[in-house]
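Mind having a look at this structure? Questions to follow.
The first chain written gets the first letter, and so on, giving A, B, C, D and E; residue counts start at 1 in each chain.
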Amino acid sequence: MSSSYQRTSLAGSAVICVTLLSTPALAETVRVAFIDPLSGTFAALGQNELQSFHAMAARANQEKWAGDNQLEFVGFDNQASPQISLVQLKNAIDQGYRYITQANGSGAALALIDAINKHNERNPGKEVMFLNHGAVDPSLTNDKCSFWHFGFDANADMKSQVLINHLATNPAIKKVYIINQDYAAGHQFTRGEKEYLKSARADLELVGEDLVPLGKVKDFSPYIAKIKASGADSVVTGNWGTDLSLLIKAAKEAGLNANFYTYYANLKGAPIAMGADGADRVRYVGIWNINNETFAGEDIATSFKQKYNDDFTWMVSYSIVAMFSKAIKESGSTDPVKVGFALEGMKATSLNGQVEMRASDHQLLQPLYIGVWTKADGKTVKYDQEGTGYGWKTEKKYEASASTQPTTCAMKRPPRS
Amino acid sequence: MKPEPAQRPDAIPARLRTILPRALPWAVFALGLIVAPLIFSGGASLSILSQIGTMMLLGLSFNMLLGQGGMLSFGHAVYSGLGAYFAAHAIRLAGAGTISIPISLVPILGGLAGMLFGVLFGYVTTKKSGTTFAMITLGISELVSACALMMPEFFGGEGGVSFNRVVGRPLYGISFGPQIQVYYLIAVWLFICTLAIYAFSLTPLGRMINAVRDNPERAEFIGYDPQHVRYLTFILSSFFAGVAGALGAINFEIVSAENVSTGRSGAILLFTFIGGVDYFFGPLIGAALGVFFTELLSNYTPAWQLYLGIFFVLMVLYAPGGLSGLLVEAVRPKVLRRSILRWPLLLAICVSGLLVVFGAILAIEMLFQRSLGSDSELKLFGISVDTSLRMSYVVVGLLVFVSGISLRWAWVAFWDGADKPQTEIAGVTIRRTGT
Amino acid sequence: MEFILFTLLNGLSYGLLLFMLSSGLTLIFSMMGVLNFAHASFYMLGAYFAYSISVNLSFWVAFLAAPAIVAGLGAAVERYGLRHVHKYGHAAELLFTFGLSYIVVELVQVTWGRATVQYSIPAELDGPLFTLYGTSFPIYRGFMMLVASLMMLSIYLALTRTRVGLVVQAALTHPSMVEALGHNVPRVFTLVFAGGCGLAALAGVIGGDAFVTEPGMAATVGSIIFVVVVVGGLGSLAGALIASLLIGMVQTFAVSLDYSVLTLLTALGIQETALRGSVLRITVAQMAPMLPYMLLVLVLILRPKGLMGTREG
Amino acid sequence: MSELLAFKDVHAFYGKSHVLFGVDMVVNEGEIVSLLGRNGTGRSTALKAAMGLVAATGSIEFRRETITGLRAFEIARRGIGYVPEGRDVFPALTVEQNLILGEKKRRGVPSKAQWSLDDMYNFFPHLKERRHTSAGVLSGGEQQMLTLCRTLMGNPDMILIDEPTEGLAPRIVDLVGEYLIELRNKGISVLLVEQKLSIAMKVSQRVYVMGHGSIVFEGTPTELLANATLCKQWLEV
Amino acid sequence: MSECALDLRDVRKRFGSAEIIRGANLQVEKGERCAIIGPNGAGKSTLFNLITGRFPASSGEILLNGSSIMGLKPFEIYRRGLSRGFQITNIFHRLSVYENLRCSVLWSLGYRYSFWQKLSSLPDVKERADEVLDLIGLRDRQNTPAGLLTYAEQRALEIGIAIAGDAAVILLDEPTAGMSRSETDAAIEMIRRITQGKTLLVVEHDMSVVFALAEKIAVLVFGEIIASGSPNDIRNNPRVREAYLGEYSAVDRTE
């Protein structure tokens, strides 16, 4: 019995199989191990992301983005655990995979890059590369940076910077409350946000901050009471999942008319929980918005919706597939070392515009969007999310320069063979 | 003691005769540990074997509580996890040159750390037994796992603490870099600890914890403080849990919050129970099966947790002695004789049992495919089913129903006129309160 | 003042919801000695059934039907599962429900998907009940408190004023004697288990839309209700009420306390920058959700029977 | 007089330990039969086996229908009442609630005598005075009265009574005696386990003596007293 | 006068509003065999539970070898040399008969909570366990799980556990319950043998046992010791005859 994910991926891109048989022997199938949660509570997220990669790969293979080479993404369930991620990494390496991709949880990402560094050191000639499609811990491209890691999402600091600077452009906002989850990424957000708040506008006041235990709080009303008591007019939060939905719900209940500046309000699950409650008050920062200025990528989103009956939100899969294919084609090789060097400094056009893979730290520099939760009107908000009748209106697009940050990365590169 | 004269021809065989049967299982166990990686080679299977090894030790230490002491703990991962954290920090310090400790001895350190917390938390938990004990261990488990995220200084946040297990100069070419060396490190420790845990069960305290399990009140009237017996056993069990934790840490080179999580504790309980808590070797079977479920089965199906849950519930319902209990039951002469005499019925049981399992798996996979995937076509066991058709469900449902009925019939007929094998639940005595 | 009032109300309503959840658990435990690990799973099922029904029919139908359906499921679980493991003792019963909780969460995901479902508060209950100093108190919270209080009252009346209630009360201490008097105790057990599950489901109907209906919801309340029943005293309904309110209040008020050991030290004039990154900086607010577990450990050390308990586990 | 309750080769177990070893015993309609023997010989177990409260093999028949394997409540509904040793009152309930719980559904033949709350209160006026107090605070004697009455409320045709006079003051013991005689007058059969021979001998028509989990003597009280060796071996205390 | 092994001074026990033991006074000399008799429900077992620390007494004083054992836990009392058997069989049902006995001798031989010694290589434990095994006549059942023994065998084991630790003061609660005359005689013989030189306090219903075994008899009626003294004194005590023996006059032929 073959793996169900392998099964899914094969069946999911039936077109590939046909093309596979007819392609010349020269061409290779480049397999990428997708190591993310595929069972349990986070399975919905993982499945959606994997399907995005399947859709992108199908498109790339059809349009020969990587020349005659075929791309294939195969799911490996890491059960949202750093340790099982490592087991799956070993599994993948055993099966001959040279590329992996992962997103959910910086903990797992750090564990993976750590293990990959060790593996590559111990097994020259069998190097493995990590295409990061969403782990946002800035240390991945700073003190922990590695030649074998490429970050395609904007990291937490970049997003914080844009989010806070955008917040500062609204002169009505005076008092800000920061609430994040009590774990490493949450602490990162709090630190970054406080820093940017200080520099963004002189009269912005931080009136309170909280750290909530991850996924443990049922009733957010005490937090809302506290925010209310602080007189805050805006809340900045890196919460995701139920911790975000519950926060917004509780705010609405208590009649707290504050603005919410978030990072994850567009993630699967949150829109449904917000419903009408979040209208015009909730914003998110992200690398893409389907309701962007030109509706770039709408064809992808509609065909995705048709095929999987789900919203296409994981635009980073497009960036990865596009740039990865381009690197294979340009280097004429599927070897991670060569592909790696080809990716360094690569400029490309993604669905959010011009992007560049900074060579010094392997951080993709790209435009960021601020979206605001708005009733779909068919014009600026053409596409709603999760059938709620609400979608994200592009409030502002920030070019890559707005979020470019210095890096402390001192990268050790392999010899160019 | 005077030495046995070598001339006496029957002296040595007589000694051998008593030692051999006792030593034989251990020799087989040791041999199994040695040859396992030769049979299952390859990076991932070595890693799986290593995991099974640590899980076995964890299960054995857990069974000191559950099987031997009747203490149903929902927080065993706390001790192994904290042991793992201490081991991780020690290796980091060793890597940085701050302290000097060989990797092969780090498990002792982990064990001592686990033991330390056993001393601390055990003092609170072992005051009670039964349901209350279970609840307090759950509470402490929640507390510790929450702390793991709140105190990133020690626990490393959700990223955990990672390190490089290759520390210092290799000794006799052993650096513990290659997985095979780690495997044998685990195997050696597992063997030593298994011996130690077995030996524990033969000591006065080891016997008294059985007595306390059976009848804590009477234990008081033969001079023992049952709380103290439980407490000491708990501390020792925490030590072995800590050793297992440290071995796991060395294997993964990372320790994260999930090592102390309630989910992990639940998994230990699940696996150990499935293996069977009545027999010393039960947890070994449970560990192998548990790792099979979480590491291997999860590669094939997203429904593995459901299978695990169903499997567990079926065990509780029909085989509370666990797999080891079933095994021992199955090789009883009475059962064997009946099996041979009534082989057609046995065959019918096997066939219909397999059909039920097959149908159930098909049904579950169809449902999961429908809820997760986009494709309506499910390929399984070489057949292909259209999950979008209502008819497929009807057919599969009928299959399960019909084979279920025939299984039941065959089972009843097989045992007709005989006492059905009665397995009693193990070491756990949670007595009804208030009656 | 306003802050204190609202925090009080929030604590009260949250505590009452906890009570709705734990009352069923306590009832089942005190009657049958079964610590139902899957109790929170029935809470989740209640919320999901209520979602499905309210989307297709109406919230009010769901309000009545969902608990009834879940009670039916509970009865089936008792009749075809629990009763069979009863002979193996209470540990087996506990383990059975433990395994059941694994199964339920998977089945819920297969049936309703893994993402949050849009189970929202009905329009007629949506909005502020009253507004004080600019802060509004939602109708729905009031509704929650009302339902919880009514439920409490009806449990009390059912237990003390009806014949079945008498049987239940008597069977609590002397099940075999009650049976010898000609009462069908096994059926009473089934009824109690079903009732307990129904109560959990009712809490799910109310809590599912007040909060979020998603597959993780059982896990988030699962262990806290055990804390409630243990702190309150195993098997004591009054204890469960007191513990629920206590925990509701403690958690709610703790959130407003931004003090840590470090603050204390600073106030005492000790300025030690080295401590700033240490455990001491963790504030009471941060620890709020942990407090129940600390309370649990504390209570068990100081008063092992629980606040209102009459017997030890 | 026809046979009402019959034990035929009954074996019973507590857990795995064997307590009754093939008991044969009959109680006829309208008869009071005492089951004698020393502590621990299995007399209480015999009553519990008849009531379905311990697992038993062999057959126990009531009105010539097998009741072995039935649940206790089913047996009770056929018209058997049970008064346990040690006065199992429901301590949290009031006296009246305790009595009400004695009422039960009947199955099969209608009962010989109907009893109401008032009958009970007339029987033992003490209970009426204390009808609203919780049973847990009653004295031992009052509790014994309460259990006896509670069983009567179920209108049984046969009552199994286990050591009703244990630890009671002589005045109450007399009351229990009156109660038994009242039952006999109404034609209700009784299987009585009693330590105090004086009472047992006074009220019963026949006696069985139990030793080691089986019946070692059957006969009238007079026959029993005449058999000195038997008394010495199995009864003497 | 020899010192009292056990001295009860106005011991009282209240459960809720009911006073079960209402001022019990009893002195048992060292090496004396004393029986407590009394009707069922008089509080004999409760008195045992108070002496052995199972329940705390409400008031009064209990002295063991001259020092108070009030408020001590059962195991502490055991360690001071007082052991007891139970009326309702109270054994370690999943351990074998032999293991039951081994456990019961461990503390008295000083092994305490040892987890560094192998049970099977402790010669004194083996010796004592074997000795008790023979005393109670369960040699051929030594490997049977105690829960599978017959009732009579469990009774024997119960006594075995109580005496295994070689305590100086032994309390037995109805040791012959459920036995026939001949078995009872054997049991008396056994008890007499194993309590040689020890202090014995026994609750018993069987008058012949009492008179055969005891040098002193105490009569407990309604929580009160209404008389104590030599068998002859008790037999001739009118209060005892009225309150207790009278009930049995129909078969009272032991005189």
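We take it that a contact is a pair of C-beta atoms (placed from the backbone, for glycine too) under 8 Å apart; a residue touches a chain by one contact, two chains touch by 3 or more.
The chain list, named the UniProt way, goes like this: B, C = Branched-chain amino acid ABC transporter permease; D, E = ABC transporter ATP-binding protein.
As the structure is a computational prediction, the values presented were derived from the model and not from experiment.
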Contacts common to subunit B and subunit D (chain labels): C, E
Neighbouring chains common to subunit C and subunit D, by label: none
Taking each chain's C-alpha mean as its centre, the one farthest from subunit C: E
Most distant chain from subunit B, judged by the mean position of its C-alpha atoms: D
Chain pair that, of all pairs, has the most C-beta pairs in contact: B-C
Approximate Å spacing (C-alpha centroids) for the pair subunit A, subunit C: 36
Subunit B and subunit C: spacing of chain centres that average the CA atoms, whole Å: 31
Distance between chain centroids, defined by C-alpha means - subunit A, subunit D (Å): 77
Overlap residues in subunit E, where contacts from two or more other chains coincide: 93
Contacts with 2+ other chains: residues of subunit C: 109, 113-114, 172-174, 176, 286, 289-290
Residues of subunit D touching at least two other chains: none
Pairs of chains found to touch, sorted by chain label: A-B, A-C, B-C, B-E, C-D, D-E
Subunit D to subunit E touching residues, read off their complex: 15-19, 38-42, 136-137, 139-140, 163, 166-169, 195-198, 201, 211-213, 225, 228, 231-237
Of all residues in subunit A, those that touch subunit C in their complex: 41-44, 47, 182, 208, 210-213, 215-219, 221-223, 225-226, 228-229, 241-242, 245-246, 249, 253-255, 268-270, 272-273, 275, 386, 388
Residue ranges of subunit A touching subunit B (in the complex, touch as defined): 1, 3-5, 7-8, 11-12, 38-40, 43, 47, 51, 76-77, 79, 81-84, 86-87, 90-91, 93-94, 105-107, 110-111, 114-115, 118, 122, 137, 182-185, 187, 213-214, 216, 307-309
Contacting residues of subunit B [partner subunit E, same complex]: 199-200, 202-208, 210-211, 213-215, 217-225, 228-229, 232, 236, 427
Subunit C contact footprint on subunit D (complex, rising order): 51, 53, 71-73, 76-77, 82, 84, 88, 90-93, 97-98, 100-102, 104-105, 150-151, 154
